[in-house]
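Have a look at these structures, which come just after this line.
Below, chain A partners chain B and then partners chain C, in two separate complexes.
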Partner chain A sequence: MSATSAPARRATKDVRRAPRFPTLHRYLMVLKSGRGITALVLLGTLVALALLAPALFPGGYDEQSSGALAGPSAAHWLGTDEFGRDILVRTIYGLRTDLTLIITAVPVSLAIGTLLGLTGYLNGRLGLFVQRALDIVLGIPGLLLGIMIVLVIGAGWFALFSAIVIAGLPQFGRLARAGLLTQQDREYAVASRTLGVPRRTVMVRHILPNVVDPLLVTAAIYTVAAIFIEASLSIVGLGINPPQPSLGALLNTGARYVQTLPTYVIGPGVVLLLLALAFTLLSDALNKAANRR
Partner chain B sequence: MIRYLVRKLPSVVLVLLVTSVIAFSLPRLVPGDPAALLAGPDASPQTIAAIRAELGLDQPYVTQYLHWMQGLFTGDLGTSLQYRRPVSELIGDRIGSTLELAVLAGLLLVVAGIGLGVAAGSSNRRWSRFLTEGTNTTMLAMPPFLAGLLLILVFGVALPVLPISGEVSVLSDPVIGIQYLILPAIALALPMAAGIARLVQTQMRSVQQEDFVDLATAKGVPSGRIYRRHVLRNSLGPAVVAIGIRFGDLLAGAVVIEAIFARNGIGQLAVTSAQASDYAVIQVVIVGTVFVAVMAQLLTEITLAALDPRIRLA
Partner chain C sequence: MTITTPSTEPAGSLDTDLLLDVRGLQTHFETQFGIVRAVNDVSFTVRPGEVVGIVGESGSGKSVTARSILRMIHKPGRVVGGEVLYRGQDLLGVSDKEMQALRGSEIAMVFQDPQSALNPVMTVGDQIAEALIVHGGEKKASRARALELLEQVGIPDAPRRLDEYPHQFSGGMRQRVVIAIALASSPKLLIADEPTTALDVTIQAQILRLLAQLREDLGVAVLMITHDMGVVAEMCDRVVVMYGGRVMERGPVEAIFSAPQLPYTADLLAAMPKLEDGEEHRLPAIPGAPPDPSRLPTGCSFNPRCRFAEDRCRESVPVLTIRGPEHSAACHVTGDGAPLTPAPPAEATAARREIGGEPLLEITDLRVDVNCGRGGLLGKADPVYAVDGVSLEVRPGETLGLVGESGCGKSTLARAIMGINPVSGGSVCIGGQELGPKDRAGSKRIRETVQYVFQDPFASLNPRRTVRQSIEEALEVRGVPAKEREAEILRLSERVGLNPLHLDRLPHAFSGGQRQRVGIARALAAEPRLLVCDEPVSALDVSIQAQIINLLSDLRDELDLGFLFIAHDLSVVKHISDRVAVMYLGTFVEIGDAEQVYSDPQHPYTASLMASSPKPDVAQRDRERIVLTGDLPSPKNPPTGCRFRTRCPIGPLFRDDRQVCIEQAPTLTPTATGQMAACHFPGELAAPTA
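This part shows the complex of A and B:
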């Protein structure tokens, strides 16, 4: 992209006023902001690390060395844990656990929450009832919700998954309903109904695309909250079952050895912060791209 | 105000009722027979039936629920299966620890949140705005547990000036007790204070644009008085609402903070009970937490009306 091509680009801009995939095109704007690029590079690095973990560390997260709770060295950059396992390796495998969790749970929460929020268009009374139910979920602090779920299905991956899905429902549901309420009386929606298009089709084809922007931004913000839900539940000991590492589980045991081996907490803590930072920046960039229109 | 409270009563009761039903249903959602679980693997059917009768599990759910609710109102909170002690005793032993933490954190939340917000919203010097906004953004992104771990690393490990683990009751020994309390309370309060500060700041900025501020300036009101009487008072509304809403989060955050700082409070009780499937304890903790959160929100609305006479509690 040299300076000479700038006029040429400006000329083509007018021709391409209506790109073939307008929504996708708009979201590609994320790549044009500094925050968006930083977020994607950071996230890309973390995902690559997590994906490559089995290749980089073929021994897995359980490989033990001779010394337990050894300080940082050339062989073990962050030292070793109470069983002589490399903390850096466990941190990267923990990152893998966290990423799998949020990549599966947040979209499920987004999808179910959005559908729940849009039910009001199909049946007004049902919509109101769903909102009341969501209000009650919203009133319960996230960690307490997690404890309740652990109580019913037991601690572990699925409890974390459910906690993240359920805690997100009110946020997505209320947002989708707010969007629905502003969109359903717009001319295009009323016109489609008058033309005899079924409510369900109007909802999916016309209303949903118009409420999707704030939902995606919220999904990015909620991902940060999801990371913290995992960490909070794991720190109190109700998260992923050992020996599988997660960032929160590492902080849980690391906090016990903070006096002797500070890197045990610092390593997972920094990775957790970077992960949260990546999604915060991404939500900022998405927000900007969505509002550009 | 009494009329307002009476009008508000139905929705408060509804929330508490739904919460109590959820708390009551939790153990019944678990697959398997709790009586059989309690009796152990080799118990005879007679033993299991006896336990079931003793726990009242052979009665219809509605009767069980009413019985449980009656207990909650009369102070009979049930018996912990894990500790084999009355739940009221277990909670009584630990509530002091959590109260100390929550009260100090709540105070810090209000003072630091509003103080930082006012500092950022009223000063126009670039460096002070940069400083407050910088700290706000950093803390905003940091959940209580990370703030706690950071404080432990800085004030417990790098410069060991404060204790980072355990507790001493403030009532029995104020000087030592406050030392144990200060890091957990800061960790719990600061991230939320950052959110409150940001609200106050943006609100103050927009209130400063209002006509009545210009009018006051034109009248010759000293600028300090304008800030105190006109800007500040009109800026605190959203912050008060946010503090009320976040109070439940403060209690939930206390659970994690207690775990990190090895404090033996209600949060730790809830966690160990969840690990041991000790339902009797958890049910009470859930209902109690939601009760406190609802009360905090009621208090918020009363405070809001006191701040702004245009809001009538009728």
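This part shows the complex of A and C:
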């Protein structure tokens, strides 16, 4: 029987056979939706712009020209700022700052938050304690949390990074715990345990893959929130140290000249919105891909 | 293939006393894989005051038929043909507004799950009154009528319960409320979609009795959709058998049960284990699985599974032809007058088992607190003993059957044996060694002796892992070297009857029976000596149940396995068990030799369980039934003395002099007939079927 079935198995093209990497396959489904493609194209353009900034504008973000606060012209599409620096150049460098920030901070927050949420698998009491601690963090408004962090470690890139990481922990932690609690009592997890599969393997093989979906979707949504954390802290002057630009910092100073030079706010504002839009669309598409069976 | 099959019977003569006349109903679902003909040319009639049953397995189209009648089919489904004549008026032709007026006031529906059919944030009284108000009732009068209806469906203390919410009612009481809502505007026809499937045997008996009584008192006709032949035999006047979206046989219930004209009906009846069955035999199972409605076989849908199939069965769809008074069937073979010979008993297993040797499982005075470890940071939750003082033993080759209603603690017992739930008192010995507090689920000592077969095979398989991966995981734990696993997987899948070509599929691509085979293969991969089967067949279609039961008993005989077989279906347990234990509210009320317990139950609960379970035999419908009152009490707060006394038909509820039942808890003691029963008055209430 086994001798005949082995070649036969290879010969049959079984349409219902599972794909080799089911999780990856599911996420590639993102590419099949209009939203997913729009998000990826938009995000790709923004990332490419940010990456190419030094090549496109070799002068850097603080190259000055003769006129300060000049209106839009062929040389300076969005005009120049109060020190005569090109606003478009500063916006793109600002985008670069923001992208670096969220691309490092959000995954760190996701990883730490998930680990904190899963502590309950090691020890029930520890898990409960961690949740209460996360609840306290959740109780503090984001801006206040940011200000507290800045007070402790001083304004700058690292303060923003910490603020984004810490503000995200409760979301990821609670979601991971909710997933853990439902998944560990699922019959297939129980079935593996009664077979004697080591707890670690049950965790990695049966629980984690089923918790990952909502976490990834949330990470994409949280990225949007992270962009606005950066912006709001920079707007109140607690963000990136000048002269380095960030989208929030540009908005902060641009707001002062909104009457005389509206493009100062519009430029960074539009880029900020496009970035947020890209991540919102991406989270939508991920959500759809995760929920299809 | 015939495209449309005009009924060859005298087409609906203008029978004015027909309440419902469904003619050539067709409902299609347009899916991405093409058109699914869920209901394909279905015709039947219902007369006033009659109970008509539609029986069929999953995917047979019975529920879609019911919904099509009430025009409750949603996209992508669509009724594409036929007529639904209600008192001569075609329901498919009336406007939505008229249909809305008819629903409830003329035709009402009772759903399977009373929990989801009721609105949790509205009182029961308001929900019943709402049904009246939408049909133009006045507020105050509606409330009075709601009270009247609650009393009519047998809810005790109705004036108080009128203002309670659905969660304050038990499952059986909720179903009564749903029936009360359906009856609100005095409909002439009640469509009941599996009205008792979600309920326990004793509660099912209550609801069936209520429906029979309502039909007598109010003259309401009932269209009963069910998969349970027993319910059909108890309740129905006429039966419609559906398979693959078509009516395959219909006729008076006596004719269908005594002389079925369709191989499917005959084999289905033969495949059901029966309480009366004598000595051990294999069930004549129907091979294969019910067809997927999107990929029906050509010709007769049943032909791939039929013992009598001929070439013409594969080529053309049989039409319904008359076989007797009001009895018609769609079968080429019996249409020519060929007799339906009884299915040959499936070949007996070669291996003869011997019960004996050291017990594999020995439990003494086990108590399990299901609230153990619950509670917040401050303080513990109060203990709830779902299993309270249970002792049993299982030897190699032996099957101990465990029956009881939901909530009696039978699953908790099984989970405690597997180490999933911690033991709070008493001892569990597996393979001669007592489990210590360190032996959690999956510890070496447990897993090498005991494995678990789950009730719902779909839930117990990780949806993201292929069947091969699921079985391989078990081999990996057993320590089979990677090179030998492939051969072992093939051997196991062959042993349980799985196609090795399908091993790389995900669980959702399998039918229920196939999934249960995967579950069994995985359990066997650990090479256990004892299998704990927790309701292994209750999630399966009737025609599949027999296959799995046969497989399990073959495995037991060949491998000398011990079984702890848990089920709520008494006849299934009787069929497979050597000894039977009856569980009620955490304790055993009776335990003994299966034959002995079933033929001569000594505990009143056992006797009433047997009397309540519906029997697929029309001759028995008028038997005396003991229908228990009330519901299972909560294990949080069990009654003092005998735990069964609050429902016992021979207890202090009916006899004032029996104070002993309130004061003293009976213990399991040997009775005159040989088994053990925990009752102060054993043997007093005999099962009427004995």
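Definition applied: the second predicted complex is superposed on the first by the 272 of 293 C-alpha atoms of A that agree within 3 Å, B and C clash if a C-alpha of one lies under 4 Å from a C-alpha of the other, contacts with A are read in each partner's own complex, and residues count from 1 in each chain.
The criterion applied here is as follows: contacts are C-beta pairs under 8 Å (C-beta built on N, C-alpha and C of every residue); 3 or more make two chains touch, one makes a residue touch a chain.
A quick note: this is a predicted structure, and the numbers were derived from the prediction, not measured.
Novice: Return first, second, both or neither, reflecting whether A:Thr280 touches chain B, chain C, both chains, or no partner chain.
Specialist: Only chain B is touched by A:Thr280; chain C is not.
Novice: With both complexes superposed on chain A, which partner does A:Gly196 reach: first (chain B), second (chain C), both or neither?
Specialist: second
Novice: Just chain B (first), just chain C (second), both, or neither: which does A:Tyr188 touch?
Specialist: Touch partner of A:Tyr188: chain C, not chain B.
Novice: Just chain B (first), just chain C (second), both, or neither: which does A:Gly71 touch?
Specialist: neither
Novice: Which partner chains sit in contact with A:Gly60 here, chain B, chain C, both or neither? Use first/second/both/neither.
Specialist: Neither chain B nor chain C is touched by A:Gly60.
Novice: Check whether A:Leu251 is in contact with chain B, with chain C, with both or with neither, and answer first, second, both or neither.
Specialist: In the superposition, A:Leu251 contacts chain B only.
Novice: Touch test for A:Val150: chain B only (first), chain C only (second), both, or neither?
Specialist: In the superposition, A:Val150 touches chain B alone.
Novice: Contact-wise, after the overlay, does A:Leu238 reach chain B, chain C, both or neither (first, second, both, neither)?
Specialist: In the superposition, A:Leu238 touches chain B alone.
Novice: Per the definitions at the top, what is the overlap between the chain A residues touching chain B and those touching chain C?
Specialist: Common to the two interfaces on chain A: nothing.
Novice: Report the residues of chain B in contact with chain A in the complex, numbered from low to high.
Specialist: On the chain B side, the touching residues are 15, 18-19, 22, 26-27, 29-30, 141-143, 145-146, 149-150, 152-153, 156-157, 164, 248-249, 251-253, 255-256, 259-260, 267, 270-271, 274-275, 277, 279, 282, 286, 289-290, 293-294.
Novice: Can you tell me which positions in chain C touch chain A when the two form their complex?
Specialist: Its residues touching chain A are 373, 376-377, 418-420, 441-444, 446-447, 451-452, 454, 456, 459-466, 473-474, 476-477, 487, 490-491, 494, 500-502, 504-506, 508-509, 519, 522, 526.
Novice: Once bound in the complex, which stretches of chain A touch chain B?
Specialist: 136, 139-144, 147-148, 150-152, 155, 224, 228, 231-232, 235-238, 251-252, 255, 258-259, 262, 265-266, 269, 272-273, 276-277, 280
Novice: Sort out for me which residues of chain A touch chain C in the complex.
Specialist: Spelled out, the residues of chain A in touch with chain C are 1-2, 5, 8-9, 12, 14, 16-18, 22-23, 124-125, 128, 132, 186-188, 190-197, 205-206, 209-210, 293.
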